[in-house]
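Sharing a structure below in structure tokens format, with a few things to ask.
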């Protein structure tokens, strides 16, 4: 693909040789003269000078630093440009699509699959499920009874949508199952990572709004509501009936307990546990700092006496105050 | 379904119109006049007055508050009644069962599947596996060689029973595989959530006793023993050879290290790490409290000096004591 | 299998009855006279005296303690010997292999599967994937486009190799997908546990080197590099572009944040969060100590004031110093 083709498709201001043929995309450090790369942040600019990339995508602020190169593309948001370039690249290099419904998939006759949706190998689409236009289920995805996906969703391998939520009533030391009568409703442009699970609601539906991005191995409990354009990294667990706002981010391995509310624009750091509702936007963290095991052992032992230490400080303060007054 | 049908099936004392037709079940806040709801706990009683539900299931203590309603059902345990109602509802509305063994499932001829068990699409049941009466494997479940499930189990999509446990002997900087010669033995009335994994034992079996309920994305290591009627929420990890008692609960994202023993009636809070055996019943917790990221950074920095802070407190105490004695 | 057969195959010095027939392998505590067991560590030696095992595998240091037994095998590394015995046992008792490619598997005609590799039921092997000699995909494994596995790998059920990495560029409050153009490259002798996910790289490949052992439900993000003979326990999450050295171990439920570097021989304790690069070998930990819930509540409350407590200690020290100087 020549640079001319790229700029014609994606815009940006091209400096240098428009006929340069690009073999592939690469990071600055490893890019060769027939590859294209990008500078997403000023802190990587030392890599720019050393890069052998044939073309680099940069912000106008770096224009003077790329004038001596064979080629460069100037754009206000190089990272976004790069994202769009990956999409262009994928479209150009994609082979012909597979079949609309792979013959190994099991699709119930009472499921509704949009004409241009795609159901990959070994998928299971149950009765009453609805798969929207342009949505792609990769291999081995299960979409349970009456669950729906909007348009242009991407669902990776091993995902389970619509397993029963975890609901039981205790009775004489045993657990009586609460049948989960709701479903899962997923909006448009949602991406769901491999082996992630989204449970059906108990009475009403579990809801994932438009533009949500979920990484791999995430657990979304029953009746959860995830607001539009929220993104969660891998291994997150969201317990039942939590209500997460729009434009939130949840770091990898974080846990959100049940029945909590997170406002829009709340950002949870990786591996943090949300134990109370958060009604103010911002970044929230709760994570034991890593240390050498020897130091950790000392500090962890003290931690178990922390409230006692606090009392000892209080006692010292009182004593010194008394001494003064004497 | 009329209220008369419900009370005939499940008992309880009906007040009001027995002919009221119920369209579906709903929470108090959203229920309409053709829906039935329930009050499970006194703390939600403010919702009761405002609910438009046609019928509410309540404890006798709330009888006076429902007398003016079109209908109510009085029962000593409304949550249990609700659970049973979901089961009644599901039975009434279930379509005819699918095939006993879905044609896409791969069931070894040397596996034993009870006549009224059900094996869903894309499942794999290996040689020597035993599937008990009334047990249902939803889609894409693997039951490995010689593993057994008792009666009336429910196994959700993507579950893997009987993968190899994680066992290796170190040898000259490499890992030599310990073949896992045991199996997995699962009792009656066990429910296993989507994409959960239960590994086979190294020499003896991994055992899950009757009535255990496991949520999604749980890891149960080799040789683990989980006692009867214990429940674990999503994303829990139980390392090899741990022995967990009966009637325990383990909160979401918690980790139980290997070779530990938990007594009966031990309750582990979400995201806590069990690093030692627990021989007394009770609730146990270990979780870094969430805070704004700015506060967390300050406190986490101090935490890494906690044992030093403790020494400084000790020094202060000594000094003040010395001053006194002078 | 007689002891003679075992020692002929695996070496070691046999004491006692070489004709003893062994029915199976068992732990010391439960072994019967027709079973073989082993003593892996001196701390279990009390079990040795009480064991009814027909034969025990022990270190030369315990030779005098086994002289009165019917049989024993003396070897310098009993645990390694036991590992090899499990392998011998498995080979002897294995039935004839299944088909090379199970008929229910979906293998793209443009994938390359070595002659003695084995593809289990319901697997999906996409175009351009390469499966090395002797490698076994158990049931329901997905190997994505252009991803490769070396020789003698074992991949357990539900594994997803080569789902898209989690990459998006933010744009006007929404997420623009970065197509993941790299693949996954896996070395020889790698074992991958059930339902584990390894994402494809964004531009270059995600790499898992020779001899790596991954347990179940692990998430490996895009562009991660895992060095040779590193082992990770269940539920670990490794975020994108992390670089983990050789001969490392990562405990269950630990999280490694993105773009970090771990040197060779770094050992991370279970449930710890790695938030910075670690360039020195050693054991590292960060985990809130478990306590009774009541104690935890007191200490957690104090923890949120820890940096304030530190300031109070500083103030006390200053005051006492001032008093002295007066």
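Letters A, B and C mark the chains in the order given here, with residues in each chain numbered from 1 onward.
Quick note on the criterion: a residue touches a chain if its C-beta (ideal position, glycine included) is under 8 Å from a C-beta of that chain, and two chains touch if they have at least 3 such contacts.
Keep in mind it's a predicted model, so treat the numbers as computed, not measured.
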Quick one: do these chains touch in a line, a ring, a star, all-to-all (complete), or other? complete
Can you grab the rotation angle between chain A and chain C? Superpose on CA, round to the nearest 5°. 120
Could you tell me the distance, in whole angstrom, between the mean C-alpha positions of chain A and chain B? 25
Can you pull out the residues of chain B that are in contact with at least two other chains? 104, 122, 140, 158, 195, 217, 235, 253, 287-289, 291, 301, 303, 305-306, 309, 313, 316, 320, 323
Could you please specify the touching residues of chain B with respect to chain A in the complex? 24-27, 30, 77, 79-80, 82-84, 86-87, 89-90, 95, 102, 104, 120-122, 138-140, 154, 156-158, 189, 191, 193-195, 211, 213, 215-217, 229, 231, 233-235, 247, 252-253, 270-271, 287-293, 296-297, 300-301, 303-307, 309-310, 313, 316-317, 320, 323
Given the complex with chain A, which residues does chain C contribute to the contact? 104, 106, 122, 124, 126-127, 140, 142, 144, 158, 160, 163-164, 166-169, 171, 173-181, 195, 197, 199, 202-204, 217, 219, 221, 235, 237, 239, 253, 255, 257, 269, 272-276, 282-289, 291, 295, 298-299, 301-303, 305-306, 309, 312-313, 316, 319-320, 323
